[in-house]
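We just call them A, B, C, D and E in the order they show up, numbering each chain from 1.
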């Protein structure tokens, strides 16, 4: 059995890679993918905690399922909007869509 | 199998809302016109408003505290009150949105607007009623995903799509962060029920880390500093009506949910979140105010103003007592009427003058449109906390609620007073920039001010409701007493 | 009924006890064995299918088909394989090299992955997850990636168009495919493929009989959707050689093309096998409740039942392929979204109603 | 609910009537009727109060005509009214100023309707503040009175009006921010230590439960909060700018009534509710007020704008009010209240006359004016009378007040207080200097400009305003005793409360 | 064991690809000219890149699929449980509860249909 710490390290890495990507990438799709990484790390966390720490129940698994579903819905909307941004700006780079500034 | 559909009777607000949503959806589906088709649907907006009104009246007196679905869903008086307040704000938004929805490029998707708004409202209802992190998360997402569609509603205007992209990305990001926090709480306590989490939580690093992540995730939704980056762009780019909706309803629901969770779930580690909350509040109020001063675009301006208002809303929670919930709900209600009044006027001006949202254009506004200018002044005064308008009452009660938590003469009590003081100093700053608009309208000269225009009946009606609220909700103590009575029920 | 597990248990014991190998080595050897078996069967079936299709095609078109190489042309396929192997492999200079190379791998992984799920006999199944049906859907959707990446990676206009078409078609029909499996799961109460087949043993227990009307409808939908999933005519829009040259694999030569070719036929087998396993009882023999008849039927081994049913389904699909003309893209999408999807949903409700009210056999 | 509420109801009715009014004459009609009614009500109140006091001594009934209607009951916020001697004279003063202010702004253009709307809203705040004895309602009415100033100055003012209006509003609102902290502190700590949460001024004073160390924390907040409006030294800078930019009637109302809110609040809330802190911290504020008094007078000397002169004079005189209050003797405090009354009347007179002169001559610069006695004798006489009252000539109200203040101040028997008193006394001389200089320059020298000969004297409405104020100023100066009695009646128990509670005032 | 087998299967597939590819490389001829490296375009030189935006209709269907597929996935756990409902004697409840769910699904489909999202444009 792989100890829980290993999974934690993996999920933490995923999480921070996601955060880093979200902050540094300038491409909308890449940002979306970074966010998905974060969500995946969360899913991993829930599944692992459920399986290794609280094997008698299913709450974490259910949470994972729902979180996957919700993530897909979010992605669908985000993609639709990104396509729209592309149609308006002919670009999907954050830099080029900053019409609005401080 | 323990299945009993009578449990749905405990969630009448959701059921009626769902019914309204379905009626709107089906009606729209079979009467909607395609782009370019000349079909008149004047009756549609009134129908939706009447449905909403019915929904409010059915649920105006909150039901008694009860739970459903094995304790995942929970309702009590204060939850009922905030649901009514949210529904009320949606009603105003609907009334006010009519003028915008009559426009050529939005008219054919009028129905979608109502459906999406109702869907977000349903999500918010679930969110504030949640007693389990899963239901909470689902409600939150249900509130924020359709919201992104609303933000990007004017899809052929560049800023709207851009705002939508920014909103959905930050919303997803924030829910990711929040879920990460929840997963830590799950690891620490082995359950996701609020009550059980509370019973098992303790001041371990894991719990505190989970709380911080959770808090920052929800901080995004309420747009507290330092999680506010999306706010200005989104508010500016979104259609004005949606901005109004976003600024009051979504923020109010999230603030209430955060309040409930902090006070209920994280009660055992109150010292930690109090400090954190206070830092965030001070930052929000101050930074929101300082940035607002320089804005020339009214919607952007209101965005920063709303950031600082978020700080005030959360200030009530610092007190950590029953008074906090009441004060928060009351503040949200007042904020709803005042802010929606402002946005109604901005929207009316925008619609009638080809998209003008610049503050300079408002110079001399009083000379040409005295009534709108006057109402805008009232609303801004209310936002600034000037009596006899309702804003002052709500601010005062929030301060009272905060100071209520500082009764003992300890370091944290002194800190709370210091935070209240900073907030108070900031009301002066906020008054300054609200007065800048008043100045523009009443005092500044303008060669060619905005021409006199006649706003539509729906705008007038929305403004009438809002103004009535701004004037009466404070002075007539019955509103506050109603919220209080329901909250302690 | 013969249980193939006897063989596997014997082999396991052979390694562990007779030869006294440790956990690691025995599992390694078993895995290698499994891999070899899969490779062999995969290759053999592919070759058989190619030959079979040529013959069936010829039969439908009233001609003879390959006759020259070997008796009745049986060695024709071997020659073809050899030809393909010795062809030069070259790509496009300006292609996205990584995606270009990745695409066939994904296609083959999807095809081999789903292939490994087929229940050949009781206990003769490489993969048998408790979420089997679900897993099959998951793995088969990797195939879409193969199609779209090959098209996109080739940097060829025909390929890109074809990839988009293929992708939109495959994902659309995946809906119905998935829902049909849900219908089967409702009736069987398990997602494990072996469990599904097990539920169909006994008199009149084949799903298509047990679930009568909704199951028959679901079976038909499954065949249609599966045909489209496998990108075969009349749904072979992605290849559409008359308009798009060769579709998404235009730019693949030699074995590069060979992989897609292999995968296509194997997908056909997989779809038919699944249809046979899920709806027609898989290796379960035909029982009618009469003891003598049942005993005779049970005497026929499961392999035969399964292969027979699968071949029958394959034959039907080929019949369809060589009979109907190719559809247009909008027709394909309308067929799925406006007809098959609602029909599947209705079927699902009807099936649930039957199950919950006890109206099944 | 007693008739005190009418003080708020009448202006609110006026607001509604104004909102419905269609033209200027209707607006003026509403204002005349309303302000007359208020004046009559105030006079009736004085009479009723004097009558009632005979049967109800102040020691047992500090506030008369009280009501307490639950308002925000869960928070112990009541609508509580009640008057003692101080409030009574302040209400009378307010009514006089509102009445005369109405006539002084008879010709106010443009947007007369809006002008009177804000004007009336301001008076709602003023009246409400003086009749309430609940901390929350006091605070609320206080803020109601502040905000209309912004628009009144910003829209109808002169000179750098936007800047002045913003500065005034923000500084005063800053003061109210300090007040909220103080009010919260008083409410919660009183509740915590006495077990009875209440916002009532009377009850908090009676409970007297807040420990001294907490009082000392919140006292500065409240004293400075109200002190800003009372032109306390480092926080007075809004006052000259605001007054100079404001239109006539607004200056009248502001200097005449609004600044009194500050002094009243300092006495009623800060000192009355936090007596120990008042005693121990009074020396700080004594220094500040002394500076206020002298600095205001000296600044007035070097100004050339009539309004600025008067504004700095107001700083000086209002400083004197606070100065007398922190002396905390009965005579001085009575003097302080009298000074509020007197200053209110004469400053109003001053600003009214200055406004009228400015309206005609088009300038307020001392250097450009002259010989007005020949051109507009009525206004010039008014100006002279106001000036004389201002410098404390016997026979006018200023004398009575200042005499009380300084006599009372000398009663405090230690070097520090004596020194401060002596320094403050010099302001009398300085006041005489700047008043006489200006009066001489603008009234009696030869006419400065040929065009001045064409100017007319006061119209009838202006004569009503100026005449009424002169009458009051003279009346208070000649017969001060009736007012002094009323005031004394209220000051005595309060001073007793403040002084009877602990250590002697001192360093 | 199942997952070990899954990995085996995947490795087998990759081996198949790699093996055949290596064999082909070894025995196949090799030659090169620039025209050979061109993407095929009916015999004329290729103009422009092929990596360009496609008809938005494809994305529309992709997004529709994304949403419906996720909802179908949520059907699986329910489908497994139906028999348990029936065994517990509350079969009709299973029908009602999935009725709600499918209603939403159908509404979504109806919406897309009515709004013309299913038309190929």
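Here, a residue touches a chain if its C-beta (ideal position, glycine included) is under 8 Å from a C-beta of that chain, and two chains touch if they have at least 3 such contacts.
Please read these numbers as outputs of a predicted model, since none were measured by experiment.
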Identify the chains in contact with chain B as well as chain C, in label order.
E
For the chain pair with the highest number of C-beta contact pairs, give its two chain identifiers.
C-E
Find the chain most remote from chain D, comparing centres computed as mean CA coordinates.
C
Where the centres are mean C-alpha positions, what is the separation of chain B from chain E, in Å?
39
Here the gap between chain D and chain E, centre to centre from mean Cα coordinates and rounded to Å, is 80
Between chain A and chain B, the Cα-mean centres are separated in Å by 26
Whole-Å gap between the CA centroids of chain A and chain E:
20
Two or more other chains are touched by the chain A residues 73, 87
Show the residues in chain E shared as contacts by 2 or more other chains, in ascending order.
62, 69, 73, 84-85
Looking at the whole structure, which two-chain pairs count as touching?
A-B, A-E, B-D, B-E, C-E
Spell out the residues on chain A that touch chain E in their complex, using ranges where they run on.
65, 68-69, 72-73, 75-76, 79-80, 83, 86-87
Could you pull out which chain B residues touch chain E in their complex?
1, 3, 5, 22, 25, 29-30, 32, 34
Which part of chain D faces chain B closely enough to touch in the complex?
70-75, 77, 124, 136, 139-141, 143-144, 147, 150-151, 154-155, 161-162, 166, 169-170, 173-174, 177-178, 180-181, 184-185, 187-189, 191-192, 214
Spell out the part of chain B that touches chain A in their complex, as residue ranges.
133-134, 137-138, 141, 145, 148-149, 152, 155-156, 158-159, 161-165, 168-169, 171-173, 175-177, 179-180, 182-184, 186-187, 190-192, 232-233, 236-237, 291, 294, 300
Chain B residues within the chain D interface of the complex:
323, 326, 381, 386-388, 392-393, 396-397, 399-400, 403-404, 406-409, 417, 420-421, 424-425, 427-428, 431-432, 435, 438-439, 442-443, 477, 480-481, 484
